[in-house]
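Just so it is clear, A, B, C, D and E label the chains in written order, and each chain counts residues from 1 on its own.
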Amino acid sequence: MNAEALAFYALAAMVLVGGALVVYSRNLVHAAVSLVPTLLGVAGLYVLLHAEFVTAIQILIYVGAITVLILFVILLTEGATGLRVRQRNEQVPLALGVCGALVVLLWVVLLRVPWGPAAGPLPPYNPGAVGRSFLMPYVLAFEVTSLVILASLVGAIVIARREE
Amino acid sequence: MIGLPHYLVLSSLLFGMGLYGVLTRRNAVAILMGIELMLNAANVNFVAFTKFVDPTFVRGHVAALVIITLAACEAAVGLALIINAYRHLETVNVDQVDLLKG
Amino acid sequence: MARLAWLIPLFPLAGYGILIFRGRALGDRAPYVAIGAMALSAVLGWGTFLEQVLGAPPFVWRAAWAVGGERVITVGYTVDPLSSITVAMITLVGGLIFVYSVGYMHGDPYYARFFAFLSLFCAGMLTMVLANSFLLMLIGWEVIGLCSYLLIGFYFRRRSANLAQMKAFLTTRVGDTLMLVGIMALFWQFGTLDYQTVFEAVREGAEKASAVVRLGPWEVPLVTLTALLIFGGPIGKSGQFPLHVWLPDAMEGPTPVSALIHAATMVAAGVYLVGRAYPLFFFTPHHEALAWVAWVGTVTALMAGLIALAQDDIKRILAYSTISQLGFMMAGLGVLGYTAGLFHLLTHAFFKALLFLAAGSVIHAVHTNNIKEMGGLWRAMPVTFWTFLAGFLALAGVFPFAGFWSKDEILLEAYHHNPGIYALLTAAAFLTALYMSRLVAYAFFGRYRGPEQPEPDPWLPEDYARAGVRGPHHGHGAHHGPHESPPVMTVPLVVLAFFALVAGFVGIPGTGPEGGSWIHHFLKFEGFEEAGIRAPSFSWPLALRSLAVAFAGVGVAWVVYGARWVRSDQVREWVGPLYPFLRNRMYIDTVYAWVFVRGGLALAAGLRWFDVQVVDGLVNLVGWVTVLVSRLHRLFDTYVVDGLVNLVGGLTRGLGILLRPLQTGRAYNYILVAAAGVAIIVVVSLWKL
Amino acid sequence: MNWADLRWLVPELVVAAAAVALLGADLVLPADRKRWLGGLALASLVAAGAACAVVLTDLGGLGAPGVRVFADTYTVDAFAVYFKLVALAAVALVVLVSLDYFPGRTPHLGEVFSLLLFSGVGLLLMASASDLILLLLSIEFVSLSSYLLAGFLKRDPKSNEAGVKYFLYGAATTGVMAYGFSLLYGLTGSTILYDIAARLDRAGPAAYLAVGMALAGFGFKVSMVPFHQWTPDVYEGAPTPITAFLSVGPKAAGFAALVRTLSIGIPLEQVNWPVLLAALSAVTMTVGNLLALLQRNLKRMLAYSSIAHAGYVLIALAAWKSAWALQGLLYYLLAYLFMNLGAFFVAMVAAEGTGSDEIPDHAGLSQRAPWVAGAMVVFMLSLTGIPPTAGFFGKFYLFAAAVDAGLLWLAALAVANSVISLYYYVGVLRALYLMPPAAPGPVPVPAGLRVGVLVALIGTLAAGLYPEPVVTFVEVARRLLGS
Amino acid sequence: MPILTLTLFLPLVGALVLLFLPKEDADRIRRVTLGFTLATFVASLLILPRFEFGRREIQLIEQAAWIPAVGIQYKVGVDGLSLVLALLTTLLTVLSVLYSFRETHRVKEYNLLFLLLETGMLGVFFALDFFLFYVFWELTLVPMYFLIGIWGGPRREYAAIKFFLYTLVGSLAMLLGILLLYFHLPPGQRTFDVLEIVRQRPLAGTGLLAQLAFWGFFLSFAIKVPMWPFHTWLPDAHVEAPTAGSVILAAILLKLGTYGFVRFSLPLFPEVFHQHALLIATLAVIGVIYGALVAMAQTDLKKLVAYSSVNHMGYVMLAVAAAAYAYGRQELADAAATALNGATMEMLAHGIITGALFLVVGVIYDDRAHTRGVDDFGGLWAVLPKYGAVSITAMFASLGLPGLMGFVAEFLIFVGSFSIIPVFTALAALGVVITAAFFLWTIQRIFLGPTNPRWVNLPDLDRREAWTLFPLVVLMIAFGVYPKPLLDIINLTSSQLVAMLR
């Protein structure tokens, strides 16, 4: 087992355990905090996949912004932890079945696909490649993303603002 | 050697977990967290595919970046809606928010 | 003249039009319109008749009436001996009855309406007679049926009249429908309804092997079947067994109506039609259609004679007598006595109209129809009595009255062609004399047994007010017993009595060429000659035999009702159950009432139930279930569509209700459905595709 | 990038600029002039419409092939322009009626119009996007602004609830769709539809998986069963103009994106999606109609009916091999725009007049607002598919496509569904015409709504009576889709 | 002058004019409506001088491009069949509107709907393009729904929606049939032109598809006729509809079904129709006898007349089935033409007679007795002599009394059909007796017998009512006595159809 594999399995464990806690934890704060290792694990995977720029953004936005936002809201709404009330709804068994089925389905199908060979090696410094991509074919996506952010923020502020 | 299937299995498990969270949580914020897991699963796929299938144009990276941004926007919008609803309905449990049904 | 014959039915029709629209304004003058129109028709009718007598060739005129593809359906009229003599008879008898009605119906609030209907009737009858195709014949045929319906129920406030008119129309309609099917069959075979073409085709077809229709176990030649179906019409209209039941009830109509329609003309239309369509009956294999006609006629003659014996209503007795006489005519036609049957038709018209009118005069005087409540009238009403007597003798077949000649012809033909029928007809002739004598004895002899109180007028005061007339004029109330009718009524009686005496003279041997009678010469069927059938010549022994039979009938009646050597109730005891059997008209009406009327109504009610409950619903089941389900869910909406629609509606609503719980309002439920949906979509498409 | 390519984006740019400008103007304008914002929005939409016409001319008219810009990620063709016009019309009409609706209900008028325009931009992008990333982005753009709009009446609990539900459901389906897109990317190594089509041949069963998951996102946008369940709740809870907008704008754009994705990106040889969609179409129309049958709330009924109509439109995809299919889809969505917006507008009038969305409470509206009620007759008949309305011609097209493609069973099912739908549509007319008025006196009709109803009415009737121009347009749009 | 288009759209113009009249001015609305219907009637009469009586084909064709992209055009024309039915339509609309002067409830909407309905009905008869035909076909449903639903009796909502749903099922089935025909034309020649499709018979020889299309059309027309067992919407609709609505419903709308059978089913699917002709004849005969018997059991006058419609339309269908059964048999051509003539004649006769009957019922129910129970009356003839005369005439016409129009129709149907399907026809002839029975019984219960004292003060027909009924009675008698002029027109189409079927 080489280092890559070792790193992969460690990160995978981190992601999955974190994810499980996010999903299972009765204490919502715990759940939110568990997001951090999960998202960081995913960031680690990005490193393994040579996606350094994505890793950076993942850590910045996800871990830095989203998780904090979520925690905020939990603290604002459910009396900090949400422990007072039942967190799980009545469709657990069904959900388990559906999710299990879906995962098995994904495995059954995806593991049989003869995934296409790479058209070449990754470019040496891929933040640059990402940048080129963003500026050349995906300039429109880039610009639209900024519009989306603008619209979301404006709307979120209007909605979230407490009115007199 | 860690290949594409490894990543796919991992992402599918993450996806399933996220979906499970979405499906079993009563709390809207918790559901949102499940959704974030699903989006991360998709992102893992995108980035993994970039390496193994489309290394030249790194479109997967672009997609992942876009999705991360969208996730942020969703979180902002969603949490705003949830907070506002909490102010008037005094709950964030989805099954207690049921003026509309039938 | 013949070219103008189309006007003959049009005059009364015009009269009808005028009377319907201007009748009330005309008031008491209304009859003049009708009589005037009738007179014009009579002039033309007699003109054409005389023309034919003088040897004018038959005249036919046609015009297109309808089209079907390349085919043209024509209507038109024929003037030939048969139609012209019948027209002459109708216009004469009709005109006299019109005149009589002026007196009889005077003061009725619907005076004009009465004459209007009579005029329409004459128009229809004349159309029917002059028609040259089954189509126009059928039109006239139904119009007279309609008028009969309207006139039977003329006193429309009377329940009994209403029932009688319906019975009449429906019973004859049964026959008419059979005839309609027969006409359809004719059209199918020959593509036309024109008499001439049809008859020629029938004659030609007679030689060829004709088509055969399988009716259950029997195979019937198509021609025969057609002829018999056509005969269905005459059976209904001419009151032949088994469709005779309506005719006695039809006496609910005013007496002139009984005389004109239910004695002289309309009921004879059936006989006329058989005569008119004689080739159709004759050119059947072995003349088998004619055999049927003969037997139906014979049975009718006998049956009606028997029933007439046990009736007390003067008009009813005459009605059964009419049925019986019509049976005679049919029998005559059936036993190859073409001329004999039609001859009897003509003579019968005169004396039966006479009898009815005279009976009307009696009723007018005594206000009852029951002969047991009359008596001794010969003194009070001499003219009526003597004319009635003339009619009676003619009917009974006493020499030299008209009935003697014509009835004898029939018996003669029967004797030659079918001895069995001859025997039965002789018995019927005996019965005729018997029941008529009974009638005369009860009504005119003995002492008056009538009530002092007349029966109530069917109209209410407001009817008179509405019609602008003063009300019943012939002084009811204080009444001094029976008295003679006014001249406007008695004069027609006298004229008719004259014809009842002389009309038969045209049948005296030697009046025609080659020693035959004139009527045989004038009215003859061409087919006989070709087939080598010769009419038997008059024979005195036979004539005397029938005369003896008539006298025997009169004699027996005299024994019981005149001299009363044997009391009638004793006779009643002797015959045991026969009397109630006959008195109740052999229970035929009763059976019909149960089977057809009640049966039909029950069937209708049953089907209505079926329609509402089953067809419209699949209901009691589904509708009930739907309602129940809907109630349970408190979702029943006021506008659920019933019927099959209800079923569908129920199912759809049910499905909707089943789906609805999925709409919980909880987002995570929805997402579960979506996720499961994705899984299912993928699995199914991978599995199936 | 080539700056000249921007000329194909003028409509999008105009609307986006206006949206941003509105935010600025909102800060400047005094409270009593805020209505001007609506005017500005309308003006920008009209300008964008004009720009669309210019784009069409630049393309070389109707008959010319489309252009692909930004390395094939964005396709501007007649098909796209058609949907852009439909989207602009939808937004414009909704802005028009919002002018009467929102003042007094929310102080944030500027944001309402701005968000409407933003989602308009999203719609324009959806119509043209030929790249998965752009597609995802534009769908999310529309979605995010829609979540906000649905929950915009902050003090109305129903609106709050609608916003939250819509958001949770939409975000979840976005997650599924994103995962599906990632698989498509992995299978082909590209996110551009044209490349995907060329390289999908190695995918095998995985293509079905990817398409199935992607359908979740599209299905959510067009209210296809089983991704429909948010529809009634959100439609009922959202402010009515927004409901009206949701029922036509995102739905039309969703169909545009779905059609483009499937027809360009997924070759029939790899994924037999018409059969799949035939089944979905059947289920969708049936479920929608059956549930609509039970509704007494007008908005909710229209929500289910909008599910049913999604089912009808899906016939076009099921009958894809027929030349009539896409034309039918294009025509139907235009018809649906007019008739459904019209129905919602009348619902707004009725709700204003009677203070309720329940159908029985609208009894006798024909006496109180005859013209509006008369228009409702046309809309309901059109939704049922009775001539001479646009809805009929649309159904005619779609049924024809089904018959042409040999899908008689689907056509028969659609017929049965039309009959069921008659029942509840006529139920509305029954209340309006057959019932005695619940209260005396005329119902006031605000000016904006009046114009809105009138435009919808004219559109419904005109497109039904003389569909030739539209027919010509859609025929060309079909021929040139993605060529 | 495009006379057909003018006739067709005059009522629509009238409807538009009405839109702009104030609804309070009921009198003016009524007069304007009457004016427009009269103008339409005159316009329809003006077709006659332009019509070439020697030509069997459809003539006076007026056409214009409508949606050329898919082969849809505006194309109208008339032949004998549609001409007479159009005349019937315009006449009866005038009379209905005249009768409806009594209506005081929501007058504007009422008259507007009538005008719309008239355009719809005329359109069905004139249209020569399937799409156009379908548009008009559906256009007749909507106004009728409202007429029943707003101005109807106590169960009006139920009856209206039942009518609407039932008939919509049929018309949508027909739409699928039309589409099947269209798509079996060779690509490039696809058109909805009726004449072209009839000429090509695109589904001939396609087996199952032709069957499906045939039954699609059948369902639509059979519901409209209505044939047994699709008839149950009819009694409800008739009973609940306002009088004028019943008149139009019975006189014209039912004819749309039989018209469809003759105009489309026969020439389009001769083989299939031939194959199922006996089945359809069976249904027709059941309708005849069943309708008559159920009518006999009714105590509601309107229901009685409604079921008598089932009975009479059964005759029409019998003739049509007979004509279909004669397909391919040269020697039966004339019989088939006769039957078809009879069928068309019956359509007209039933229109006129049943129209009159419903008016007659309306006269007594709407303004006088306010009851339709047959047993509530008695002796009315004494009180209302004019009314009685008209009613009795109409009833006798309905039961097929010679000299009145119903007879001509039934007679031609019988003699024509008997040559083709004798047993069925003979059975159907039984219906004549039952029809007679229930009408006579009705006459007896209403007009004859002792007068019910409740009604002794009822007024007789007033002038307006007389004017509504008078033309119908005149027509009944005129064409009953001499039907040839009418038959000459009708025969053009029948001969053409028969020639086509050889």
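We adopt the following convention: a contact is a pair of C-beta atoms (placed from the backbone, for glycine too) under 8 Å apart; a residue touches a chain by one contact, two chains touch by 3 or more.
Please read these numbers as outputs of a predicted model, since none were measured by experiment.
*Asks:* Provide the labels of all chains in contact with chain D and in contact with chain E.
*Replies:* Common neighbours, chain D/chain E: C.
*Asks:* Would you mind checking the shortest number of contact hops between chain B and chain D?
*Replies:* 1
*Asks:* Quick one: most central chain, C-alpha centroids?
*Replies:* Chain nearest the centroid of all protein C-alpha atoms: E.
*Asks:* Among the chains, which one keeps its Cα centre farthest from the Cα centre of chain E?
*Replies:* Looking at centroid distances, A is the chain farthest away.
*Asks:* Tell me which has more C-beta contacts between its two chains, C-E or B-C.
*Replies:* C-E
*Asks:* Going by the average position of its CA atoms, which chain sits the greatest distance from chain B?
*Replies:* Measuring from the centre of chain B, the most distant chain centre belongs to C.
*Asks:* Please compute the C-alpha centroid of chain B, do the same for chain C, then give the distance between them in whole Å.
*Replies:* Whole-Å distance between the two chain centres: 95.
*Asks:* Between chain A and chain C, what distance separates the C-alpha centroids? Give it in angstrom.
*Replies:* 101
*Asks:* Indicate the whole-number Å distance between the mean C-alpha point of chain C and the mean C-alpha point of chain D.
*Replies:* 76
*Asks:* Please work out the Cα centroid separation of chain A and chain B, and write it as a whole number of Å.
*Replies:* Centres of chain A and chain B (C-alpha means) sit 6 Å apart.
*Asks:* Going through chain E residue by residue, note those that touch at least 2 other chains and give them in order.
*Replies:* As it turns out, chain E has residues touching two or more other chains at 157, 161, 165.
*Asks:* Which residues of chain A are in contact with two or more other chains?
*Replies:* In chain A, the residues touching two or more other chains are 89, 91, 94-95, 98-99, 102, 105-106, 109-110, 115-116, 119, 137-138, 141, 145, 148, 152, 155-156, 159.
*Asks:* Give the residues of chain C that touch two or more other chains, as numbers and ranges in rising order.
*Replies:* Residues 639, 641, 660, 663, 665-669, 671-672, 675-676, 678, 682, 686.
*Asks:* Run through the chains and report each pair that touches.
*Replies:* According to the stated criterion, the contacting chain pairs are A-B, A-C, A-D, B-C, B-D, C-D, C-E, D-E.
*Asks:* What does chain B use to touch chain A in their complex?
*Replies:* Going through chain B, the ones touching chain A are 1-2, 4-10, 12-21, 23-27, 29-30, 32-34, 36-37, 40, 43-44, 47-48, 50-59, 61-62, 64-66, 68-77, 79-84, 86-87, 92-95.
*Asks:* Which bits of chain A are touching chain D when the two form their complex?
*Replies:* Those in contact with chain D are residues 105-106, 109-110, 112-116, 119, 135-141, 144-145, 147-148, 150-152, 154-156, 158-159, 163.
*Asks:* Which residues of chain C touch chain D in the complex?
*Replies:* That would be residues 635, 639, 641, 649, 652-653, 655-657, 659-660, 662-663, 665, 667-671, 673-678, 680-682, 684-686, 689 of chain C.
*Asks:* Spell out the residues on chain E that touch chain D in their complex, using ranges where they run on.
*Replies:* 23, 65-70, 109, 131, 134-135, 138-139, 141-142, 145-146, 149-150, 156-157, 160-161, 164-165, 168-169, 172-173, 175-176, 179-180, 182-183, 212
*Asks:* Taking the complex as given, what residues does chain A use to touch chain C?
*Replies:* Residues of chain A touching chain C: 89, 91, 94-95, 98-99, 101-102, 105, 109.
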